[in-house]
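Look for chain A in each of the two complexes below; its partner is chain B in the first and chain C in the second.
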Partner chain A sequence: MINAVGREIPDEILRMTGKEPFQGNSYKEGVPFRRYAPIIRPVMDNTHNKMVKDIHEALVKCKAHNGMTVSFHHHFREGDLVVCMVMEEIHKMGLKNITLAATSLGKAHDALVPMIEDGTITSIQASGVRGKIGEAISHGKLKNLAIMRSHGGRVRSLVTGETKVDIAFIGAPTADEYGNLRGVGGKSNCGVLSYSHVDGDCAEYVVAITDTLVPFPNFPAHISMTKVDCVCVVDAIGIPEKIATGAAKPTTDQRKLMMAEYCTQVVVNTPYFKDGFSYQTGVGGASIASTISLTKIMEERGIKMGFGVGGMTKPMCDLLDRGLCRVLLDTQAFDLDAVTNILNPKHHRITAGSYANPFNKGAFVNKLDYVILASLEVDVHFNCNVVVGSDGIITGAQGGHPDTAQGAKCTIVICPLLQGRIPAICSEVTTVTTPGESVDIVVTDYGVAVNPNRPDLLKALEEADCVPLKTIEQLRDEAYAITGVPNPVEFGDRIVGIIEARDGTIMDVVREIKD
Partner chain B sequence: MEILKPAVAGTLESSDCMVTVEPGQGKVNLDLDSSVMRQFGPQIKKVIAETLARLDVTDVNIRVVDKGALDCTIKARVEAAVYRSNDIRKDIPWGGAIK
Partner chain C sequence: MNPAENPNKKRLRRSMMFLNAQKPGLIKDPYVYGPDSIMLDLEDAVAVKEKDAARFSLYHALQEIDYRGVERVVRINGLDSDLWEEDILCSVAGGCDSIRIPKTETGEDVKKVEAVVEEAEKRFGREPGSVLIMAALESAKGVLNALEICTASPRLFGIALSGGDYTKDLQTSITGTGVELMGARQHMIIAARAAGVQCFDTVWTNLNDMEGFRKDVETIKMMGFDGKSIINPRQIPIVHDIYTPSQKEIIFAEKVVREIDEKSAQGIGVFTVDGKMIDIAFYDGAKRTLMLARAAGKYKGDL
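The block that comes next holds the complex of A and B.
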């Protein structure tokens, strides 16, 4: 069946997953459902001991079995040691058919590929997959479908019970012996534990893994002891210098600076730029440069930000420290400044659910005025692809892209016209991850295109005469004139993964690559 | 033009390509490795073949390691490698042989 973004979703996939094709952003608005709740084993005995001597004992106590689903967070980013540590023990125990339900997977997890090949891991659910696991999936090595879902979509999948987690492993920079967990105060700090909050609520067993045991109570707890079954102390849960990989220096790349300037001009010349506006941005060079140049204009005009939300970086923390932003709502620390800035009382931690879950009674993304996003590809329908490389290999993650793009009143995607020889503005993206209906403005180094369904924004930018305005088709034509028209990537028949929309419908499928 | 000795042009930076030429065995023998092979492989081969033909090179082992270079870059790198193999260092007919 052809879905609302024009992608063919084979009936066989719909049958296999029990899912519907994507039918537009508002399809599930107001549709009631009952929240899933896990089985709880009460602890009343005041001598009950949650400490286990190693991961093996935790797995035994939590009834690890063939076919189970285990979950992890990715707050340690490239420096994560927890996923591989736990999976190695599961592998040693000879358990098979494991579903790995991580919030995201990356290069830190390359060592899992042999476990995919030998049938230890047969299903993967994640925001996306970078590194060798992505290549393995694209080459058809994973037995079942990989499911790629946004941060908000993941919370939805747990609270609806679509994904039932048997054991959640929560890497915690500090923990006490009763399972109060914090993202700070230890050796491998990640600032927040936002992504794991839902696992604490929905997993049948919860295991805390820490390298820094602190006296009870570890307070205020980011994840409460009331949700934790076991606490395990290991030598190291993360490599600190790799946790904050986004310690970005301000870029000197003229192309990125130009796009940053266009982006800033777009923000300040659209109607939502007024005192109290809300804003989210990413870690790309252009996004960070744009935040810096936006700061100057905010100071000149005496405009303050109401809130900044999402993954945090130094320029956002600077806004808070200088009194130019009322509060930061943090789901992830991208650099060390963000990790330490969390001590500022106006820098709040929020859960991934309150951030972006489409199936609660309103998430923070719904209150966004502006979100600045990046994309591997944008097509003439304004559809974005942030997961599958132009060569057809899974190489990225949805993150909060579809969540914030839908939520924000003005969604701006920054994308250079060319990524090397690849035209990033193209006729059809390789894989749709964020639907064009969510995307309002595309900023490139060759000009700015406004989605025709936003004539109000186009009018504002035309009147301001601040950036070179082009149609998205013009941009695509300019790109193709420079690079030549690319051959479509040849895929095999087998479908290896699905891109899930926020609401659980199917946005697109990912096929095996043909070698 | 004859390939008199091995010569190299270009780099392995993104958006560039590195071209190595050496005397061949009586024909054009191309070894291409490209980061955009799936999308642009045939186009890159065509540009290299055309450039060699315009330089009248018919006997060469040519290796191109491409990091997503545009056609104009590929042409220039192939041209430079061929001239270097002939020790031609001044009065290079840029755009002369290459239309």
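The block that comes next holds the complex of A and C.
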């Protein structure tokens, strides 16, 4: 069946997953559902001990079994040690057919590939997959379908009970013996534990893993003891220098600076740029440069930001410190400045659910004026691909891309015209992850294109005469004039993964790469 | 055959960016940064054993890449080498717009290059006279001979100071103050204007000192230079910003051009615009102001 972004979703996949094809952003608006709740085993005994001596004991106590689903967060980013540590123990116990439901997987988890090959891990659900696991999935090594879903989509899948987590493992920078967990402090300080909140609410068992045990009560707790079954102390849960690096030096690459300048011009010349506006941006060189140049114009015009949301970096923290932003709502700390800045009382932690879950009574993304995003590819329908490389290999993550793109009133995607010699602005993206209806403006080094479904934004930018405006087709044609029309990537027949839309329908499928 | 797109001696040349002709990443699309000219370098940026490879890369770039109106200058190797003639053949065959002669010391140097360029135009079917020449002055002798160099060939559109070698010859170095360059700059701009050609300033190499760079460009603009040689695209917006006339200057220039057109038709020679005495001598300057404004996107009129 052809879905709303023109992608063929084979009936076999619809049957196998019980899912519907994507039918547009508002398909599930207002459709009621009952929230899933896990089974709880009450603790009234005041001598009850939650401490376990090792991960093995935690797994036994939490009834680890063949075919179970285990979950993890990725707040330790490239420095994560928790996923591999736990999976190693599961592997040793000889358990099979495990579903790994992580918020994201990356190079820190390359060691899991042999467990995919030997049938320990047979299903993966994540925002996306970088590194060797992505290659393994694209080469057809995972037995079942990989499911790639956005941060908001992941929360939805847990609260609807579509994904039932048997054991959630929450790496916590600090914990007390009764399971009060904080994202801040300790040896592996990651600032926030936003992604894990929903696991605490929905998993059958919750195991806290820490390398820094602190006296009871570890307060205020980011994840409460009322949700935690076991606490396990290990030597190290993360590699600090890989969790949060120093703030990225502002880029000196003129191409990125140009795109940043175009982006800033777009922001300040569209109608939402007024006192109290809201804003989210990422960690790419152009995004950071754009926040810096935006800061200057905000100061000149005396315009303050109402709130900044999402993953945080130094330039956003600087806005807060200089009084140019009322509050920051933090879901993830990208650099050391963001980790330490969270001590500022106006720098708040929020859960992934309140950030982006499409199935609650309104998430922060719905209140966004601007979001600045990147993309591997953008096509002439404004569809974006942030997961599958132009070589057909799974290599990226949805993150909050589809969530913020749908939520924001003005969604700006920064993407150079060419990635090396591959046209990033193309006729059809390799895989659709964010639908074109969510994307308003594409900024490239060759010019800026406005989605025809936003004539209001086009008019504002034409009147301001501030950026070189082109149509998306013009940009595509310029790219193809330089590189030639690219041959499509050759895929095999087997479908190895699905790209889930925020609402749980199927946006696209990912096929095995042809060797 | 790929005839030069801009055989225009007077075109706008605020920013002339050096690019190593051997680096595909640099030469594939430098036009996105909006320089007025690029100078594809076969000389200092290319190691001796790589000269052939650089010529291949240069030739194919000139043939294959649409530089979208950006002037394509090639800096050839010095006349004291055995490389420069082949460099010219390769550049002209590829379809370059101009040749930059390094270490020019005399009018004779320009004539030697002119002869080879003329030969190459014939050999590769380029329109006679379509390939222009510029001369870089890199020594005390070259600077003193500026006028002779400026008037040596009708193809020559301008001279450029090359501060590094020149200051070595003076037995000093680049200080960042500009003191060591004062004499050369003053002499060259006077010679260039006397000969009716353009004049370009030397590169600023410290990319960490953008404030110093800005001041340097402001200085040479006040002195009358047409533009600056640059080494990094980050320098382009600063140069263009400084060379962009203010709104007040644009409005005044527009009035001057209109009034002169009108009054000269009526046979009136001298008159006032906004209280200033104006005659035909202001015409070229006002035209140039409008050209600079148009290049910066600040003037959309038809004058």
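Just so we're on the same page, the second predicted complex is superposed on the first by the 512 of 515 C-alpha atoms of A that agree within 3 Å, B and C clash if a C-alpha of one lies under 4 Å from a C-alpha of the other, contacts with A are read in each partner's own complex, and residues count from 1 in each chain.
As a convention for this text, contacts are C-beta pairs under 8 Å (C-beta built on N, C-alpha and C of every residue); 3 or more make two chains touch, one makes a residue touch a chain.
None of the values given here were measured: they were computed from a predicted structure.
In the superposed pair of complexes, A:Asp445 makes contact with chain C only, with no contact to chain B. Once the two complexes are laid over each other on the shared chain, residue contacts for A:Asp391 go to chain B alone; chain C is not touched. Applying the stated contact rule after C-alpha superposition, one finds that A:Ile422 touches chain B and leaves chain C untouched.
More chain A residues lie in contact with B than with the other chain of the pair chain B and chain C. Of the two partner chains, chain C is the only one touched by A:Met258; chain B is not. When the two structures are aligned on the shared chain, A:Ile482 is found in touch with chain B and with chain C. Overlap of the chain B and chain C interfaces on chain A: residues 482. Across the interface of their complex, chain B is touched by residues 390-392, 419-422, 482-484, 486-490 of chain A. Remark: chain C residues 29, 32-33, 66, 207, 232-234, 236, 297 touch chain A in the complex.
Chain B makes touch with chain A in their complex at residues 14-15, 35-36, 38-43, 67-71. Residue ranges of chain A in contact with chain C, taken from their complex: 252, 254-255, 257-258, 418, 445-446, 465, 481-482.
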